[in-house]
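Here chain A shows up in two complexes: once beside chain B, once beside chain C.
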Partner chain A sequence: MAEPLVRLTDLKKSYGNFEAVKGIDLEIAAGEFIAIMGPSGCGKTTTLRMLAGLEAPSGGEIFIGGERMNDVPAHERDTPMVWQSLALFPFLSVRENVEFGLKMRGLPKRERRERVAVWLERLGLEGFEKRRVDALSGGQRQRVALARSLVTEPKMLFLDEPLSALDAHLVIRMQGVLSKLQKDLGITFVYVTHSQSEAFAMADRVVIMGHGEIVQTGRPKDIFRAPRNRFVAEFVGRNNIFAGTVAGGVINVDGTQLPLPGAADGPAEIVVAADRMTVSLERPNTAALEAEFVSEEFVGTAIICYFEGPGGEELKAQVTERELELLAPEPGKHFFLSWEPDAPHVMAVTS
Partner chain B sequence: MRRTGGAEADGAGRGGVLLYLAIVFAFVFAPIITSMIFSFNSDRFPTVPLGEFTTHWYETAFSRPEVWEAMQNSLIVALTAATLSTALGFATAYTDYRYNFRFKSAYIALALLPPTIPLVIMGLAMLAWLARLGISGTLTGIIIAHTVMAAPFAMAICRLRLSQMDPALEAAAWNLGASQWRAMRSVVVPFCLPAIVSAFCLTAAVSFDEFVVAWFVSGLNKTVPVVILEILQGNVDPQINAIGTFVFLTSMTLVVVAQLLITRRRKA
Partner chain C sequence: MRIDGYRYTWRLPLIVWQALFFIGPLMLMVAMSFWLVRNYRMTPDFVFDNWDRMMSRSFFWDAYEVTLVRACVAAVLATLIAFPASYALAFKVSDTVRRWAIFLLVVPFFTSYLVRIYAWQVLLAESGPINAVLGFGGIGPFSMLNSGFGTMVGYMTLVLPLVIILQTTSLAGIDRNLIEAAWNLGASPVRTLFRVIIPAAKVGLIIGAVFAFILSFGDFVSPFYLGGSKPPTLSILIIDTTKSGQQWPLAAVVAIMMIVTLFVVAVAAVGAAYGRRRS
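Our next item is the complex of A and B:
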């Protein structure tokens, strides 16, 4: 197998007694769009900062392009980053901002100007050369930050929650810009975010981190359908998690017997995505949970209905508008929730 | 309805505030303005009604060699002390911004201490210390004393500016290939430039005005405030008004420039 572009082995970072990153192993291939996600404080940004050389690892190794990078200072690494705050230089013009990296590399002025012009045009910023960055809109500043990082034509780009400061409609548009850019350039994007929608919309592969460790790595679809444990299932959202005991292919959840073919006997946690749930007024032929309606939430074209299960747990089911009309739910009304036998995914039980 | 009532009440309140401000400013500036007016008055003694307009006192004051010499001394001391204290102040503020270390709060407290020391004590201590070093009575001695006294102001101004700097800004420079030194030159200093110039003006003003410590350590190399006192000790002379006006305008210009640079907001 070819050497991956980035390889982290047993990478650690601690601040005093606090272990921010607890020995992670990760390989990133050239040309991959990888998203590292997790709740705040999970170590994702620290991992990115170690990759960029802004934090020194407490242990483990970082290889980029087969070369050990642990002791290479930040300014000698070709790992430009787009910052959460964008960190544009406020005292420089758009052109001077974009030019910065080229200037540090000692490129002659003419070449700098040419390359800056190419990138400003590429990102739709032509004519803004002499503007001050604080005279630009949020979306334009975002694109200046991108141009500044990409003008040196790096093999990879790090993005640290770059869209968190933008309005919702701009986020969607920038996701499109980023996806297209990554495909066109064919370079590696390492994207750190706590937003599931951003990560799932763009990334080829998602790394879920929690408490300084990598909990699960996989394609967005696989992580959504088959979360490894409760932490991932809860973080990804719109999942129903049931804990129970399996005996002979049947799981007992709070007294309700639900089929779970092929599962090993013993305590188990299963997850069923909200969009695999069926809500009915009458008890269906298959096994079903009786639950009390709590509220509904519109998400785009679908509606998420919230129920309280027999054990008091929150249950979610995605329905269409038409289904909602037929069900006519009211708080306190009882429904039956069921699913196809292949819908549940059995997770590793977390202690 | 309520708005209109509020606006009327605001109008009255505003008038009150303006009047109050006018009184405060009159109280503060009346002596200075009086001194300025008498500097152009032909009468020997400050009495009303005024005599004729004259620039005589300026002519005589500035024809005195000791005044010229003092001006020259003050200028050298102010510029050198301002340069040194701004450099020191910026460096201290940057260590505070950038690094965390044990006893950092003690370090900051110590760095900010000099202005809280009574001037007479400071003057005596400087005199004793500089005499031992053999530089008492030299311009170098005054420069050292003024640098010590002014550096905390420079530090405070630079610290304020650094606190407004996004910590990612410097990291972004490293990330784009700037070494630490290069990032300092091309990002941190340009970002802090208004504060640095402002600190320079303010520390120059502090040094230019400073009398007590200069009086203790100056010896024969007198600065302007020391010469003013010496002339005044001899007799009441309108030349003092002329020199005072000049000193006031110089200091005020420096302070106003400093203020403008600190409070200036970038246009959005």
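Our next item is the complex of A and C:
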């Protein structure tokens, strides 16, 4: 395999006694859209800041394009970043903001103006050159920040929760803009977020971090279907986690025997995605859990129903609108939840 | 229409104060500048004699120039001397240290400015401790009193704590992400200072400089006790004029010229601080 664009080896960062990043190894290929995801305080932003040279690693090494970057100051790296707050310069116009990186690289004025014009047009900002950035809408500011980072034509772009300050409808639109931009440019995007919907919608590969470590790396689909452990499964959401004991291809969850063909005997945790659950009024022929309806939530075209399981655990099942009508659920009403034998994924038992 | 008694009751003290002690005296002073003095007594009149006399004298314009130039130098000097300290307080120390430093910068105001100037008189004297120390090194003695240098030391004593406080709060208020964004876009720390930090803190830096200008322009303690009144500044000219033969109308002319100057400078500075830049 060729040298990856970015290679992190045993990268560490600690603040006093607190270890923010505990020795991670990661390779990022050229042209990849990678999302680093995890709850707040998991070390994802610290990792990105070390890549951009805004934090000095406490240990380990960073290679970009095969070159060791540990001691290269931020302003000598070609690692532009889009901040959560965007960090646009309020005292400069749109054009001057976008021009900033080119000016620092010493490009002559004519070339700067040309390249700025190209990027403003590309992001639909033509005509805004002389506006002040605080006179723009949230979505426009977002695009100015993108233009400012991309105008220098870098090999990669870092994005630190860039959409978290936007309204929901703008988030979806900007996801489209970002995906298209990344494909058209063919450069690497490293996207840090705590939102699994953003990460799963755009990324080729997702890195899940927790407590300063990489917990799982993989394609969004694989992470969703086959989370490695309870931490990932809970973080990804929209799934049901059961802990029980397996004996002879059957798992005993709180007294209910559920088939789990091919699983090794012993304690196990399984995960079943909400969209693999079947909700029925009558007890089906297969093994099923009896659960009490709690509430429902509309998520776009589908509905997530929430139930309370026999052990008091929260269970989720995704149903269609038509199914919901037939089920006519009311809080307290009992239903039976079942799934196909191939639906469960057996996870590594943590703790 | 009913008068909102509550609202006016609270505003009344301020209105009365402003009317009695600012607007009133100001109008009286403007009127007075047209009065006549005969046999050491002022008589209300409407003549331009005082304006004629002051505006045509070179000693007035000399004093005006000295005062203006020194106040400008004080503003520039205070801004430059204060900036490294403010920068360190804003970016290089913890919040606790910064809070203590700002408290310590307020402490000088506990003692009267006049007392601090007397202290400088002792320190700067030809036989004072500073010359004594320099003497050990085989240099001096310097006459630092009764000079422009002495005046400037006094001005700095007056304005530096305030300028540092204004600059520090302004610099500390800059969004750190802006500074990191500048590095991230390829600006070295030095270019970041000039391209991002100074523009972002522009308002505080200008307000600091304006305060330094205003305080120095109107001050009479430093040019009198440390500058030896030579050459006289406008404030000293006012004292001299009122003392000599009840020439209050002439002093009023000087005072009005000072107020107009300060007003123009303040308006121009606020315009520069908040004004929109054209690209």
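Throughout what follows, the second predicted complex is superposed on the first by the 351 of 351 C-alpha atoms of A that agree within 3 Å, B and C clash if a C-alpha of one lies under 4 Å from a C-alpha of the other, contacts with A are read in each partner's own complex, and residues count from 1 in each chain.
To be clear about the criterion, a contact is a pair of C-beta atoms (placed from the backbone, for glycine too) under 8 Å apart; a residue touches a chain by one contact, two chains touch by 3 or more.
These numbers were taken from a predicted model, which means no experiment stands behind them.
If you put the two complexes together on chain A, you find that chain B and chain C bump into each other. When the two complexes are overlaid on their common chain A, residue A:Ser85 makes contact with chain B and with chain C alike. Contact with both chain B and chain C is seen for A:Met104 once the two complexes are overlaid on the shared chain. In the overlay built on the shared chain, the residue A:Lys130 is in contact with chain C alone; chain B does not reach it. After overlaying the two complexes on the shared chain, residue contacts for A:Lys316 are found with neither chain B nor chain C.
By the touch criterion defined above, A:Arg205 lies against neither chain B nor chain C after alignment on the C-alpha atoms of chain A.
Contacts of A:Lys13 after superposition on the shared chain: neither chain B nor chain C is touched. Look at A:His75: by the touch rule set out above, it reaches both chain B and chain C.
In the superposed pair of complexes, A:Arg95 makes contact with chain C only, with no contact to chain B.
Counting contacts as defined above, chain A residues 52-54, 73-76, 79-81, 83, 85, 87, 89-92, 100-101, 104-105, 132, 148-149, 152 meet chain B in one complex and chain C in the other.
Within the complex formed with chain C, the chain A residues making contact are 52-54, 73-76, 79-81, 83, 85, 87-93, 95-96, 100-101, 104-105, 130, 132, 148-149, 152.
Partner chain A is touched in their complex by these residues of chain B: 166, 168-169, 171-180, 182-183, 186-187, 190-191, 193, 266, 268.
Touching chain A in their complex are the following residues of chain C: 175, 177-178, 180-189, 191-192, 195-196, 199-200, 202, 276-277, 279.
Residues of chain A touching chain B in their complex: 52-54, 73-76, 79-81, 83-85, 87, 89-92, 100-101, 104-105, 132, 134-135, 148-149, 152.
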